[in-house]
Every structure is written in structure tokens, then in C-alpha cells.
Amino acid sequence: MTGTFVQLSHADWLSILPEVALASAGCLILLLEAFAPSLRRWFATLALAGVAASLYLLMAAPAGTTFDGRFETSPLTWLMGLFLGGSAAVAILVAKPYLERIRDEKGEFYALLLWGHLGVSLMIRGLDLLIIFIGLEILSLSFYVLAAYFRGIEASSEAGLKYFLTGAFASAFTLYGIVLLFGASGGTRIAGLAQEGLAGRPAVILGVLLLLVGFGFKMSLAPFHAWAPDVYQGMPTPAVLYLSIAPKGASVLVLFRVLAAVFQPGLPDRLHAAVAALAVLSMTLGNVVALAQRDAKRLLAYSGIAHMGYVTIALAVFGREALAAAIVYFFAYLVSNAGAFAAVSALYRDESKPHPVAMLAGEGRRARFAAAVFALCLFSLAGIPATAGFIGKFFIFKAALERGLYALAIIGVLNSLVSIGYYLKVVYILYMRDPIEPEGPPPLAFADGLALSICAAGIFAFGIFPAALWRLARSAAATLPLPGP
Amino acid sequence: MIGTIPLSEVLIVSGALFCIGLCGALLRRNAIQIFLSIELMMNSANLAILGYGASLGTREGQIVVFFVIAIAAAEAAVGLAIFVSLFRHTETIDVNRVNLLKW
Amino acid sequence: MIALWVIPVIPLAGFVLNGLLGTRLGKSFVSAVGVGSAGLATLAAYSRLIPYLSSGGAVVIEPYGSWIVAGSLSVDLSFRLDPLSALMLSFVTFVAFLIHVYSVGYMHHDETDAGYARYFAYLNLFLFAMLTLVLAESFLLMFVGWEGVGLCSYLLVGYYYDREYAAAAGKKAFVVNRIGDFGFLLGMFGLFTTFGSLSYGEVFGKAAANPAAYQPALTLICLCLFVGAVGKSAQVPLYVWLPDAMAGPTPVSALIHAATMVTAGVYMVTRCNVLFRLAPEAMAVVAGIGAFTAIFAGTIAVAQNDIKKVLAYSTVSQLGYMFLACGVGAYVAGMFHVMTHAFFKACLFLGSGSVIHAMGGEQDMRKMGGLRSKLPVTFWTFLLAALAISGIPPLAGFFSKDAILAGAFEAGGLHLLWAVGLFTAGLTAFYMFRLVSLTFYGSFRGTPEQEHHLHESPPSMTLPLIVLAVLSVIGGWVGLPAVLGENANVFARFLAPVLPSLKGVEEHAALPHATEWLLMGVSVIVAAFGLLLAWRWYVKGEGRVPARIAASSPGVYALIADKFRIDELYDSLFVKPFYWLARTLWKVVDVLLIDGILNAGAFLVELTGDLLRFLQTGNVRNYALTFLLGLVALLLVVAGWI
Amino acid sequence: MGIERLLAEHLLSVLVFLPTAGAILLLLLPRSATGVARVAALAVATLECVLSLPLWWHFDVALRGFQFRESAAWIPPLGISYLIGIDGISLLLILLTTILTPVSLLFSLSHVEKEVRGFSIAFLILETGVIGTLVALDLALFYVFWEVMLVPMYFIIGIWGGARRIYAAMKFFLFTMAGSLLMFLAILYVAIRHHAATGVWSFALEDLYRLTFTGTTAVVLFAAFALAFAIKVPVFPLHTWLPDAHTEAPTAGSIILAGILLKLGVYGYLRFALPLFPGTALRYAPWLGVLGVIGVIYGALLAFAQHDMKRLVAYSSVSHLGLVVIGVGAFTTISLQGSILQMVNHGLSTGALFLLVGVLYERRHTREISAYGGVAGIVPVTAALFLIATLSSIGLPGLNGFVGEFLVLLGTWTSPHRWWAVAAATGVILSAIYMLTLVQRVFWNPVTHEENRNLPEIRWSELVAVSVLVVLMVWIGVRPNDVLDRLRVSVDALQESVTAKQLVEAQNGAGLPGGAR
Amino acid sequence: MDRLVFEVAAAIAIVFAALMVLSRNPVRSVLSLVVSFFALAGCYVLLFSPFIAVIQVIVYAGAILVLFLFVLMLLNVGPERPEKTGRPIQTLLSGIAIVLFAGFLLSTLRHSGSAVPRALAAEPNVLGKPDALARELFGGYLLHFEAVSVLLLAALVGAFVLARRDRGSRA
């Protein structure tokens, strides 16, 4: 079997088409950039079409594993693909007016975004640590570049440097983790990890831990979070939007996959303690430090760190319900966080300067729609009921309580209380302070409005009618061999 | 045993190289040197996987290394481009002095 | 036959009319509605009372439905007509009507339309509340009237709301009354848990049927109820509001603070005589407080120079008398004094109102004098009422006071209560005639301008004076003592059904006639002595003797003139500490402690955030280091080292 | 579906969502149409009020359990359903809400200038939240509405409030959240236990009532519920958010906050904490009662110390709600009915007080008591109305406040905790002191500030708003049975279920000390 | 024999790696690393991976590190100057962390060698044959291969985006 060249089956082809669509869309945009720059205003549409096509192809692909069992098409990948596609779509929508504002709408931005998206897509679908690693690197490289995208701005270059150095550093650990697991299981397939007697070996545990920190880094999970605030601050907002959502979801899924394969009946106590400690640390540090933030994007970065703490509770619970809860959480996080970043993008006039929260004073009355959605997103992030954020927390805490992790749940809700402090701070600055900026934000672009509307609709849809999402998430979670009902 | 070389020896060498790289990554201030250290860490991983692969008698290790080298090359290209780009602003790649974004 | 509810509802309607429309429709409308409704109520009341006289003390209960039903509590809206309420009804409506009439003259000229309407609205409201209090068939409904009269007292005392002392006096009246109401409430709670009901019929019926079963709760209940009475009827230690209440218009003082409302306490104790008689300890307290109040307030009255203040302390003192009567079991005597007191004290107050009216608002007796000739009607009516209160036979006060003293004498206890009562009688005569002397005799001591304006009051004011003076004279004849004829005491016979005999409570045997004659004689002598002494000192001696006495012991005199500085004592004992406590709790507990702790907590979290923020040094090497440290920590956890 | 059928079969749903529909409607209006927004919001609120009246007529006073029930699946996998219904307790509070909301909007007609549309929307959404909270019979549904209330209130305080509005709004939100987040966990846990016990997911209240909890679990769960409700009430020492929030909120916000939101704490306690954990609740009831007693006295003392009118009224709420808490803690039929009635009474009297303070404030733009004095002669109608509200607040017989107060005190007296009644009855004295001092210093005394001489009299819209409340005060004062009748069966049922379940708990939880009171 | 050669090569690799880290001069660092990578390539050969060894030399030691040298020349970065403040805490913490981590890593690695499952005992010399490798690459690993092509493309475009002069200069 291994001896022959290129034996792609029909199923292989069908399964890879979504990624092909993304890659082609990126290439097409790049080509047009080079040969027909006048078509630039269609790039966003094209990119969106690429994302949509990829989603359609993902849905159309028959379920099963392809490429010699290294690539998955399943309800799980479809649902997570939807999650990623959603992030990408909103990011593209936000990117268009953003790039127009800085008069730098170039194809490269979209192309890199699409390729990065492709990388994440590989991460969620890969059943092979190597393909996951490659996906991770595609993502990373694209976003190293996007971080430093504003060559004319020092902060952006600095964000690029920091992201690159820390990212490469973390990749080295991830790689070493993969190596250790390879050594133990004799291959890179995740399924290979599910061998008898593997779970207890020190090398395997070390490998898993290295993967945990490697992907924890991508999740911006404390204490592997340090890059996130700086990078978010310096990076173009639409790119942050994507980076702050999609890779995190993919990373959690990868961790679930690996842990599910290695530890069939459940996490060993020690590892469980370690994961729980990460959750607590991330929630607490993220929330507490966010209180002290003055810059909108940094604030959202710390908020993201805290949210990853909540998701990590699901990892600590470790079960089918927990994975489903995490998926629901990510959908909630998607609409809330994407909306928040979209609002940030729409509310600040000068992209090259920092984004102090104080500058938003009184914008609730000038940029009504963006501010209203921003506030809605913040309430959702804070977990106020009738929003998606609440539903996310609901399932996470339910899973934790069902597993008897009371302390985690209590620390979680207490952290929510702290988080309300800074979310509401933004809200009151928006609505209860008088404007300090002589000029309001730029008029709301159509694409921004669309992105915000989508997020607001999502927040309410998931917040009020979560049943469908929960069912999907549960059936998706059944794909993994996790313990649970 | 791989031939006559014990696997554990290969792994120890790999581990040592990884740790040396780690020292560099943590203690050097020049971004390029840090990156070099990281490259060394990745190479140490390569060594380990080749050791494992040889020990297991599978070609998969080599394939992994093949891809890792490709990735490293790509990373180097992007990384160095970033350094250059930053250098245009700061005239330095001493990371101690690159701290516009903080707190 | 008119239903009982009509009687209070008529003034209520007057209140609503005057309250809503009075300001717009002018003074004549207001007078018509105000006086008319009081008159109608009186008519309605008498249309029930006259047939009732011949009913032989039957208890009529008119239920109008249920008011509050909750759990085992069920309170009906029903009115009760029995001899006691009939008695109260008779003089309350009548005196109130007279005072309404008087007010037309008194208030007419110096008030705006709005103020005039307000005044009559309040007065009507008061009548409504008072009638409710009197007619109620349950403790709770009585409490409605009880608080209602308190409210009206508050409103009318504070009628001149733009004068700070009046506003403060109104508030003080309400608050002090509330202290009493606190006791009343607790008493009601006790009644409910003990008897399972708040209706008079049930409570008294059960208590009378099984007198021994309810001790010791009964004593406590009675004491609590008595606290209510102490507040409402201005007894020591809660009397302090009544002198201040003189800040209200004088007719109000006459009606509320002399004739009707303040006697509600006596009415209540009498109403509960079944309970009190079963609780001898409580009775003793009632008697003691009453006696002490009588002598205490009488003493203060001696040294007052404000004409209304003298009358106010006199009222307090007389109320003490009435409680003394109740305390010694002479309920009939107590109620008798309530009635006669209503006549002569109302007359006195209205007379003083006439004087003040004539003096242009002046109330200081030192600036009066010789008004006898200028205000003849006022003088003569005032004199009669003064004689009546002093206990000079055969005026009304003599009989009621004598009945009380007889009761006190019977009560035993070394006749101490009687002695106190007797001394107070002398005091009363003294200070009343001091007042009469200073006001009506001698020469005028006011400004020429005041002198120029002196004039007798209009008929609307003098007419009520005359009627009340007549009543002060003849009002006592319904209750002649036994020595004057076996069945002469119509009053006692009428009230007898209210005082059923109780198992285990022995009734006092009637005094031997000789003793009774002796007591009467002694009391007349003492009263005459007081009267003559005042006459001698103030009319003949023009006040030199008292001035000498005052000069010889300035401390004592000042103490009495300053009303024993009880207000100041209360101020430093209760008011100031209360204010201090309130402020301290606010600033220390609320602001410093609770908010302080919470804000400190919030601040600490924020501070932690602010400090941790600096971990984010901006130096990427530190980021790598934290990464590695995190990894190492995880390894340590997994390895079981942490 | 015809309108009639909609109203007949889904009256509660209509009541819950009509305000939201109105809010959405307002959202579609142009921002500049402030006049229309004002009137439209008032119209919606009034319509809501009218629609809520049939609840009063058609409420079956003899029926046990919940009436006007509706149910629909909501999140079926977790057994969470849209399950609503009312009993006598919620009936009263719903009507209070539907009455106070138009009253506040009516008052605001002439006083809210800034962002009228937003204000109206916030108010209507708030009404949905409140009514939803009151009708929800599913714990998850309840929690959603419970929290949804906070958001509009946060904006109402924060945007349209006084000088320290942001501090007050944050404090309000954080305090309330602090309690409810733990309750959220407790709700989840209870539902999980139900699932574990029966294999079926359900958040329906009546299903969860069947569970019994004993020992530490019960204590912790009860504490979580009780804390959330105690903060809302608020019970001393968790009350400090209240003076700030009430003082800084705009008048209409204060009315709703004091008139309705506070009651939801007690309501929640009666509906959830008590029946779910009866044994524990009754075991710790003495603590509750003691805190209530402290609240009564402490609130009154602090009210006395205030020099800001609204703050004074706010602290008076602490005192009054303390009384309600005592009644609940005593847990006798009389005291419970009294407490519930007293909630309504407090809504009316404090609502009126805040409204009238608002009338003065809108004219003089200060709430300092010392800035007034003697204005009774200048604004006699306002003064008279204020006096009536004061009298209602201090429990003058004949007005509503007395009946509730009396029932609570009497009921408490008949419970084993007689001294609570004694201590709380001092509130009768204290309330007279601080309220009459307020009246004296604002309306009586000589006029000391010349600018007060031209104080305009109350407007018609304001007068109508207050009059509605005054009429209700008198009505309840004279005919309290109309209200009490509707409570009777509900309170009986509550007591019986609690007692019955307490027995079950005592049997199950062998060795549990003091399972019964 | 193999073992000895391996050990010598490994020693060279380690020594030069250490030199790379210790050297203040970045150019010297790069050169040290070149040596180290050459030595590693030697090790690879001994681990039956001649093809990888070749790539290592060509791509890594050749292309990548030369790229580094170019950039160093371009930027004209001198040796690190010692800092005034030595940041002792950071150094100390780094030291502790590295020592602890190294301890964990090395102790784990030392014992994991024996734990490797003995899979097919393929002929060592066949293992490293390039054509077999290629077959596998374009067979089971085609997906990876294509993915890496995207990666390289992205890197290419990225480097281009970053290295481009200012916005205006292109027009």
C-alpha cells in the first residue's frame, strides 16, 4: 500500500475539498492582486465565498476517515468547521471596512487569513499529530505575518516579533511532545495512542503535558498566555478577531482528541489536578488583570485568557458532556467575542494608535448600533442570561457539577463576578460618560454592520434557543471515545 | 538498540540539545540568537524522532523530520522577515529593548 | 333608626368635602360643611342615644362585615353601643359640636381660605376618628380611631406648620403617642394569643367566664395596654407632648387636648375593666402612675405663666386623677370625671381662647390682668368652670372629684393615694385661682395697644362658653353620691352593666355614710383653702408673697417653673443619644464597616490586577520564562511534588 | 389564533412579552421621535396594566397550586421548559408591577429628557423581566428572567441617574450578581440531583419540590439560594447597595426598584428556598428573623440620620423590608400573609414617596432636606399627598401599611419568636420619628430659602400617577380582605407543603439534628 | 564503531550548540550552529537516515543558516553588549526552571528508550532509501505534503508582505 504513488481515492478527494477550496480562494485572490488589482473591492466577497464553499463542501463530504485514517469527516468536524467558518466569515466582514479605512486593502491579507483558516481546519480534522502540527504551523506562520502586517507601525512589528518568538518557542515544545508520543506509540496517528499500557508511561505523560502547554499557548491559557495581550494590541483587529477565537477552539479539540485517546476511562488524578489548576489560574489571572486594563484590545485579550480558563474546566471534567459543553461554549464565545472585536474595529477611528477604552466615552449615543452590540457582547461574555455566554457557562458548570467538581464551579462563578467588573466598566464608559473625543467614530460600514448583526443575532439565538446547538454538540461529541453517558 | 547505538543515548543527546536550546532561548537577548536556539530545539526533536524511528524500524520518523525541516525553513523565512521589518523601526533586535507593548 | 356607622361617617364626609373642595369654595361653605357635619353627627348620635337610655344598658352590636381575615385572626368592622360608649358618644359629639361652632368665630378672621378649610377638615376628621374609637367593637378597630385621633392631634397641633415650634410640637405629640401605641399593640398581641380574638365581646366574655385562667399574662397585657393609655392620656412619663401641644389653635386644645382625645386612655382602661380588675398589680400601677401624675403636673401648673400651659398641666393632673380612680377600681368615678372634666376644661380652654383672642394672641398671664370688666361673659363662664374644677360644691367637679377621693380612700394602702388626691385637689384650686386672679383681676399689664383692642368675643364663641359653663355647673348632678340619696347616682346605675361582677374579685363595700360626709368636708375645706390662698396672694397681695417664696429658694422655683426640666432630661437621655447612635451607625457601620470591607475587597482585587499587570513586562524573554515556569509547575503537579 | 383566544389561553405569556414587543416597536421608531416614544411606552404599559386586571377577577381564590398555567418545551434535552403560572403571591406582585410601571412612566412623561426612547425601552424590558420572574415555574426560566432584570435597571440607574450614578449602578449590579451566581450553581445542582434520582432532566419547580436534601448539602444549597434573595431584599448587612442605587436612580427607577425589585427577593425565598429546603430553611429561620429585626431598627436609625430625601426613603425601605423578612422568618399563617401584603403596601407607599420626592427634585434639583422647609404652603397638594404616603408608610390604621404591619407583628408574636415582634414593633415608633421629621423639615417650618417661594405645584400627570397609588392605599387599608382572600390558599398550601416535606426530610435524614423546628 | 562515531558526532553537536548559546557575537553563533548541524547530520546517517542527513546539510546548515547570516549582515547587528542591570531574578528563575525541566526531560528520556515497542524489524539499510521514502511521502503522506506546500506558500507570501517597502513604493 505504501509503495505506490498517488493513490487518492474518491473519498479522499471529497474529504479534502473544503481545504482545497480555501487554498484556491487564497491563491485566486493573490493572483488577482497581482494581475487585476482593480478587483480589490471584490476580494472580501471572494474570500467569503471561499469560506462558504469550504463549509458547504465540508457538509457535503461523506462522514468517515480518509487518507489512511489520518483525516476525519464527522459531525464533530462539521460542527467545529462551522465554528471556524463563522469566525473566518466575521473576520473577513470586519476586515473589509478595516482595510478600506487604512487604505490598504490588499489581497495578501485575505489570502493569509484564508490559509491560516486552512491550517486551523487541518487541526480540527487531523487524526494525525503531524498533520495537526502542520496545520498549527500554517496558522502560526500566516498570523505571524498578519500580526506584523502594518509595517509602518512599530507596535505591529513588535507584535509580530513577540508572537513569532513565543510561537516558535511553543512550537518546539509541541513538536517535542509529538516526538515523545511518536516514540511511545510508534506513529503519529492519534488512534495509535490508544494502546494498552501507554497511559502510565512517563514519556507519554510528558508528551501529553508538552502538547497541553503547546496548545495551551495557542489557547492563550495562563500561564502560557503572556503573548496574547501584546499581540492583540499590535495586530490588526480583524486578524485578532480570528486569532482570538478559532485557534482556541481547534486547540481544545486537539487536546480532547489526544487525551481521549490516551486516557480512555478518565484523566489520572494528577493530570486532572494539573488541568484544574490551569483552569483556575487562567480564569483568575485573566479576570483580575483584565480589571486593570486600559486598552480595549488588551482587555479583550485578558478576557479571552479568562474564558479559556472556563473551557479548561470542561477539559478537567473530561467526558462526552464536557466536550459538548466546550463546543457550545465556543459557539457562544464566537458570537460574543467576534462581536466585541468587530465593535472595537468599528468604533475606533485611527487604527495606528492604541485603543484606550476611555476613548469610547459617550459613543453609546453616537455610534449607537456598534455600541449597543458591543455592550450586548460584553454582557454575553459576562454570562448574563438570555445571551449565548450564559448558555456556554451553563453547560460548563453543569458538567463540572455533574462530575462533582464543586470547587472549580464555585471558583468559576466567583470569577464571573470579577469579570462583570471590567465588562461593565466598558459598558458604562460607552453609555454613562460624556464623550471626550471631538469626533465620533467613522460611520458604520455595511460589512461591519452585517458582522455586528450576525453576532447579535447569534448571541440571542444561542442564548434563547440553545437546544438545537446542544443536541448537535452532543452528537458531535459522541465522535470521540470519551467517557460519559 | 539501533544497530549498536542505544536508543537512550540518542534520546539523551536530543534532550541535552533541547535544554541547551532552551538556555539560549531564555538567556539570549538578540532575537536572531533566540531564534537560532529555537531551531536547535527543533533539531533536537528531529534527532529524537529519527532515533525512535530507527529503533522502531519505521520510516515515519524520517518523514516527520522531512516535514519539520520544511516547516523550519518556512519559519525562518517569515521570522527573519519580521526581524527585518522590526529593525526598520527600532534599529535593534535586542528583545529587551522591544517593549512598546506591555502592561 | 340610624345605623351607628352613620355617626362617624358624617364628619368623614365633611372632611372629604372640605379637604377636596374647601379651598375653592370659600369660608362660608367650609363653615357650613364643618359645623353642619358636626351638628348632624350630634343629632344622629342623640337620635340613637335617647332611645337607648331606656334600654337598660343592653349591648347593641352592629356588624358591617369582615375587615381583616388572616389565619386565625378575624376582625370584624362592627360598632358597639353600650352604656360606656353611649356616655362617651353623648358628650364627645356635643362638645365637639360646640367647639366647631366656637371655631367659626375663633378662626374666621386670621386665616386664609386654604387654612380655614384645612382646619375644619382636620376637625371633622378628628371627630370621625374619635367616634370610631368610641364606637368600635374590637380592640383593633378602636386602635384605628386611637391612631386616627393621634393623627389629627398631630395635624392640628402642627396647624401653624410654618412656625417651627408648632411643627416640632406636632411631631412630638405623634411620636410620644406612638410610644404608647407600641404598648397598645403589644397588648393587643397578648390579647390575641390569650383569648384568640380582639373583639370586646369575646375577650371580656372569656375573661369574665374564667377569671383565674389567664394569669399572669393578663397583668402583662394590662400593663401594655396601660402604656398605650399613658401615651394617649399624657401620664408620667409620656406626658411631655401635651404641654407642647398647646401650640395648636386654642379650640383644638379644648377639644382634643382637654375634652375628648386625651381621655381616650381612661376610656380604654375602663373599657377593659374586666381585665384590669383581674390583674391587681396592673391596677396598682395604674393608680400609682395616676396619683403621681396628678400631683406632679399640679405642682408644675403652679409656676406657669402661660395661660394655656397652666391649663395643659392642669389637664395632665386631672387625667392623673382619672387614672387614680381607675386604679383603685372606681371606674364609674373615673368616667364621671372624664365627663365633667370635658365640660369644665373645655370651657376653661375656650375661655382662655377668648382671652387670647382678645389679647391679640398674647398668652402670658403676666401681661394680662383686670380683664373681668372687658370680657364679662368670658369671665363669668371661666369663673364657673374654675370653681367646678376646684371642686366647690355643688358644681360638677365637686361630685366627680369626691367620688374619686372616696374610691381612693377605700383602696386602703394607708390612704396614701387619697392623701395625694386630696393635696392635688388643693393644688388645683390654688393654681386655678392664681390663673383667674392674674388674668381677670388686678390692673391690665399689657401694652396700651392691646388694651385698646380688648373686646368681648363674638356670639359664636361666647355661646359655647355659656353652654359649657352651664354644664359645668349642672353636669355633676347625674352622679350624686350615695349619701345624698340611695338612687341618686343615676350615672353609676347607667354604667353598671359595663362593670360586671367577677368571680374572685371582691367589690368594695360602700363607705359608711359618716366617713363619706367627712371626706367630702375635708375635700371642700382643702379646695377652699387653696382657692382662698390664691386669692389672698395674687389678688390681695399682688403676687408679693409668691415672689418672696420664689426668691427665697430660687433653685426649687426655677426647677418647677422649668417643669422639672423633664424635656431637657429626655433630650439628653433619649433624643441626643438617638441622633448620635443614628449618625454613628451610619458613618461607622454602614459606610466604614460594611461598605468599607466590600470596597476594600473590590479595591484589593483591582490592586492585585494592577500589580499583576506589571508581570506583563513587554519583554518577550519573560514571556518565554513564564511559559517554562508554568510547564515546570505542571510537571511538578503531575509528578506529585506539589 | 384570535385575539380572544390568545388572551384567554396565554394571558400570562402576553403579559410577559407584551412589554418586550413594545420595546421592539420603540426600537423601530426614529430616534428623534421622543414624544411618540414617551406616549407609546406609556400606552404599552397601560395596556399591560389593563390586560393584567382579568388576572384579578378570574383568579380562583379557592384553587390550590398554580393557575393560568402554560407550558411549552424550551430546552428539551435538559428538561427545561417554558412553564409559567401564578398563585396568589405572584398575582399580587404582578399586579403591583403592572400598576407601578405605567405610574412611573407617567411620572417620567415630563421629566426624562435624555434619550427618551432608550429609557422607555429599558423600562419595558425591565417589566418583562419582572413579570417573567414572577410567573416562572421552571428554575432555569426563573433564573433567566431574574438576571435579565438587572441589565435594564443597570442602564436606568447608570444613564438617567444622579451624580454618583455609575458607582451606584455598578454596586447594584455586582451585589446582585454576587448572590445570584451562587444561586445559579445551586439551581444546577438541584436539577442534577433530580436527574440522578429519577433519570429524567427537569428544572420544573414542582418536580424539584419532590426532592429532599439533608445535611450539609441542604445547608449549602439553601445558603446559596438565601444569599441571592437576601441581597435582593436586602437583608442587613447586605443592604448597602440599596441606598446608593435608590438615591442615584432616576425617580421612575427608584419607584420600580423599591416598589418591585426588592420584593422579588422575598418572593424568591418563598417560592424557591423555602419549599426546596424546608427543614434547613426553618432551622435557620431564627437567623433570618434576627437579621430582619436588625434591619427594622437599623434601617430606621439610619433613615433618621440622612440628609438626602431619597436616601432617607431608601433606608426606610431597609426597615420595612426587615419587617417583611421577620414575617417570613416567623412562618405563621398570619405573619406570612402579612409579609406578602406588606410587600404590596411597601410598593405603593414607597413608590408614592419616591414619586413625590421626584416631584420636588425635578423642580429644585436638589434632594437635600435642608434645601427645603415650609413648602407646604407653596405646594399644598404635593404636601398633602406626601403626608398621605408618609402615613401609609408609617402604618397609620385605615391605610394599607397598617394592616400588613399589624399582621406581620401579630403573626410573629404567635410564633415561638415572640421577642422579634416586640423588637420590631419599635419600628412603629422609629418610623414615625424619621418620616415625620422629614415632613417637618421639608414641608413644615418657616420658609428659609427664597427660591422655594416659586416652587410650582404638582402637575396633572404627576397628580394622576400619585392618585392611583393613594386610591390603592386607601382601598387596601379599608378592604384588606380583597387582597388577603387571594393569598389565603396559597399561603396555606405553602405552609402545608413545607411542613409535609420537612417531615419527609426528617425521616430520610436520620441523625440530622434539629431537622424540625 | 557506529556507537563511537555517534558519540563523537553528538559531542561535537553538543559542544557547538553550547558555543552557539554562549557566544555573544551572533555571527559566531550562526557558525557554531552550522557546525553543530553538520554533526547532527552525521548522527542522522548513523540512524539510517541518509536522505534526511543530506537535507539537513543542504536545507538547514546550508540554506537556512546562510539566510541567517545574510540577515545578520543586512542588519549589521553587533555583539550583545552587557546590560547595566543584570536582571538577576530572571536569570535565577530561568536557571531553576531549566534545571528542573532538564531533570524531568532527561530522566524521562533515559527510561523511555526501553519502552519503545518493537515493531517490524525492517532492514536498516532499506529504511533510509530515498525512493521508498518518496513513495511514502506521496502515498500516505500526500495530505501532509500538500499542506506543507500551502505552508511554504504562506511563508513566501508572508515574507514578501513583510519585506515589501512602504505602501507607496510599489505603485
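Observations on the structure shown:
Each chain carries a letter (A, B, C, D and E) given by its place in the written order, and its residues are counted from 1.
As a convention for this text, a residue touches a chain if its C-beta (ideal position, glycine included) is under 8 Å from a C-beta of that chain, and two chains touch if they have at least 3 such contacts.
The structure presented is a predicted model; accordingly, all values stated were derived computationally and were not measured.
Graph distance from chain B to chain D, where chains that touch are one step apart, equals 2. The minimum number of touch steps linking chain A to chain D comes to 1.
Taking the mean Cα position of each chain as its centre, C sits at the greatest distance from chain E.
The largest tally of C-beta contacts between two chains is found for B-E.
Nearest to the global CA centroid, when each chain is reduced to the mean of its CA atoms, is chain D.
The distance from the centre of chain A to the centre of chain E, each centre being the mean of the chain's C-alpha atoms, comes to 29 Å.
Per-chain Cα centroids separate chain B from chain E by 5 Å. Measuring from the averaged C-alpha position of chain B to that of chain C gives a distance of 98 Å.
Inter-chain spacing, taken between the CA centroids of chain A and chain B, is 26 Å. Contact with two or more other chains is made by residues 11, 18, 21-22, 25-27, 29, 34-35, 48, 51-53, 56, 58, 60-61, 63, 67, 71, 74-75, 78, 81-83, 85, 93, 95-96, 98-102 of chain B. For chain A, residues touching at least two other chains, in rising order: 130, 134, 137, 141, 144-145, 148, 151, 160-162, 165, 169, 180, 183, 186, 206, 229-230, 421. Residues of chain D found to touch two or more other chains are 174. The set of touching chain pairs reads A-B, A-C, A-D, A-E, B-C, B-E, C-D, C-E, using the touch definition from the header. Touching chain A in their complex are the following residues of chain C: 602, 605-606, 608-610, 612-613, 615-616, 618, 620, 622-624, 626-627, 629-631, 633-635, 637-640. Contacts from chain C toward chain B in the complex involve residues 613-614, 616-621, 624-625, 628. The touching residues of chain A, when paired with chain E in their complex, are 1-8, 16, 19, 23, 27, 30, 67-68, 70-71, 104, 108, 111-112, 115-116, 118-119, 122, 128, 130-131, 134-135, 137-138, 141-142, 144-145, 148-149, 151-152, 160, 180, 183-186, 195, 201-203, 206. Contact residues on chain B toward chain C in their complex (touch as defined above): 22, 25-27, 29, 34, 95-96, 98-103. The touching residues of chain B, counted against chain E in their complex, run 2-24, 26-30, 32-33, 35-37, 39-40, 43, 46-48, 50-63, 65-67, 69-78, 80-85, 87, 92-94, 96.
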